[in-house]
C-alpha cells in the first residue's frame, strides 16, 4: 500500500525537480560570482567601492534569507518594473545575494591570510599588482576557500526550498499540493521530499569532501 | 671611477614614532659586494627593503642606475613614484628572503619561470632553459618538478636564489638568508652565494650575521648602529682593527 | 497590485503592527535555541557510541537532517507528524517550530560540542587517568571545564544564525514579525514597507549581537592562547621576523 502511495506521489514531485535544479544552478553561479566580486571590492582602496560593499554584505548577512526573498519578490516589480519571470529572478537573486555576502567574507579572509612574504617575493620579482594577485595570491587563496565554499553548496541547496513560498513550482510546491489533496498522505509526501533533497545533497557532500582534500595540497611551504 | 649602481642620499625611515634610520648615505659600485652587519633592530634589513620597494623611505632619495627610485618627474617636478615607475626602476634589483618565500602552489621550475615569462616577457622556451640552467647551477637540477614543501630549508633557499638570478638583476639583496636554516644546512647556501659572488658582474648587498663569511666575500663591510652607518671599510679593517666600542662589543658576541 | 513607490505613511502605519510580533519572534528564538542546545547533547552522546554500525547509523541520520531543508522538516512536523500512524500527534504551530527548527540546528550544535571535546589535549585525558579520577569526575572536573568555554563564541554564532531562520515559522502561522508583515501586506496590498520594517528589525538586532560575539571570540582566543581562526598560517614567521 505504501508502495502504491509512493508510485503515485513520486511522479508528481518529479515535476518540480527541474525548477529546484534550475534555481540551484542559478544561485550557485551567481552566488560564487557575487562572493568574488564583493570579496575583492571589500579589499579595494577606493573608499566608495569599499563602503558600498560593506553595506551590502552587512545588510544581507544581518537579515534573514526568507525576508530578503519576499522583499525582492515585491520590490523588484516596483523598482525595475519587471514582472514577467520575476519569481525566478527574485528567488535566484535572494539566494545568491545572501550566500554571496557570506562567501565574500571567505574570499576576503583567504586573500588576506596569504602570507605577507608571498606578496613581497612577487614584488621582488617585479610583478605588477595584477600579476601578484593573479599568479601568486589568488591561486593560494582559492585553495583556502574550497572547504567552506563546499559547505555553502549544501546551504544553497536547502535554501532553494524557499522559492515555493513565492509561488515557484518546485518540489516542495508539488508536495504542498499533494498534501492539500489528501492530508493523510502528508507523512509519505514530506518524507519523500526530504529524500529527494538528500539525494541531491549527496553529490554535493562528496564534492565538499573532494574540495577539502584538494585544499590540503600544496598550501603551506 | 664608474657611476655607482645604487646611491642612498640622506635616507630616513620611521615606523610610527620610532625613527629606525636617521640619515643613510651610501654609494654601491657595480659589482661591489657589500656586507651589512649590526645589532637586532638597527635597521639593516630596512635598508635593503627600501631598495626593493617593500618599504617606503620617510625622506631622502635612493638612486638606482641613475634613476630616482621613489620619485619621478612629472611636468618638471619630482612627485612620489607610481607603480609603473617603481616597476621600471626595480627591474634591476633582485632579493632573497630570510624565509625563502617560495610560491607553495608552483613547482620549483615554475617558481623560477613565472616572473621571466610574465614580467620580462621572455619566450617560454627560453625562460625554461634559463631556469633549468640556473637550478642546475645551485645543484637542484633533479628537483624541477618538486614542490617547495618537499624540500629542505637549504634547498628552498637555493631555489629562491635561482629564482632571483633568472631575472638577471644588476643588484642582488640577501636578507639574512641563513638565519632561518638549521646549522647543518647553512654551508650549502653560503657555498652558492660564494659562487655567485665569484662570477663578479653583479652588485650584492648581504645583510648577515655570518662574520666569517662576510670577511671572505665582501669588498666592504658596513656596521649599522643607532640608525646610521657607524663604521665602514674593507672587512679586515672593520672586523679586526676598529676602535668603535659598540662594534667591538657587537663582534665580541660572535667570538665564542 | 503594488502600485506606486515607497510610501512613508504606510511605513509608519505598519510599524506598530509588525513590531507587535517581535515578542513571539524573540521568544521562539530563545525556546528553539534551548531545545537545540539540549538536543545537541543527544547527538554528541549518540555519535560517541562504540558500536560501529550504530554510530554509523546516527551519523547518517545527522547528515540527513543537516543536508535537507529546515522548511521541509518544519512542514513534516506540522502537517505530517499528526498523520503518522500510532505515534503521531498534533502540535500547535509554536511548538512545531521549536521542534522542527530545533532538531535541525541541534545537529550543528552537536558538532560544536564534539569539536570542543576533541580539542581537549590528549595529555589531559591521560592525566585524568593517571590521577585515577572516576569517569564522572573526569568529565565534570577535567574535560568539560576545558571543552565548553572555547565553544561559547561558536554557540553564540548559532544563536544569531537561528534567529535569522526563525521567520520560517511564519509559513505555518506563527505570528512573528514576518507573519504580521505579510498579513498586513495582503490586507492592504502593500508589502514593500512592512517587509522593509522586518528587515530593519533583523538588522537592528543581529548586527550588534554579531559584533558582541566577535568581541567575545577574540577575548576567548586570547584567554586560551589560540591564534585567530584564520587557518594554518606560519606564526613562526612573525616571531622570527621581528628579531631582525
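Going by the order they are written in, the chains are A, B and C; count residues from 1 in each one.
The working rule: a residue touches a chain if its C-beta (ideal position, glycine included) is under 8 Å from a C-beta of that chain, and two chains touch if they have at least 3 such contacts.
Note that the structure is a prediction, hence the values are computed from the model and not measured.
If you compare A-C with A-B, the chain pair joined by more contacting C-beta pairs is A-C. The chain occupying the central position, as judged from C-alpha centroids, is A. Computed centre separation for the pair chain B/chain C is 53 angstrom, with centres defined by C-alpha atoms.
Distance between chain A and chain C, defined via averaged C-alpha coordinates, is recorded as 19 Å. Chain A and chain B, compared by their mean Cα positions, are separated by 47 Å. Multi-chain contact residues of chain A, defined as those touching 2 or more other chains: 115, 117, 219-221. Shown for chain C are the residues in touch with two or more other chains, namely 234, 237. Counting partner chains per residue, chain B shows two or more touched chains at residues 99. Taken in their complex, chain A has these residues touching chain C: 58-59, 61-68, 70-71, 74-75, 77-78, 109, 112-113, 115, 117, 144, 154, 157-162, 165, 172, 175-176, 179, 183-187, 189-191, 193-194, 197-198, 201, 204-205, 219-221. Residues 52-54, 83, 87, 90-91, 93-95, 97, 99-105, 114-115, 118-119, 147-149, 156, 160, 163-164, 167 of chain B touch chain A in their complex.
The touching residues of chain C, counted against chain A in their complex, run 2, 4-5, 63-64, 66-73, 75-76, 79-81, 83-84, 88, 164-168, 170-171, 178, 182, 185, 191-192, 195-196, 198-199, 202-203, 206-207, 210, 230-234, 237.
Contact residues of chain A toward chain B in the complex are 115, 117-118, 120-129, 131, 135-136, 139-140, 143, 218-221.
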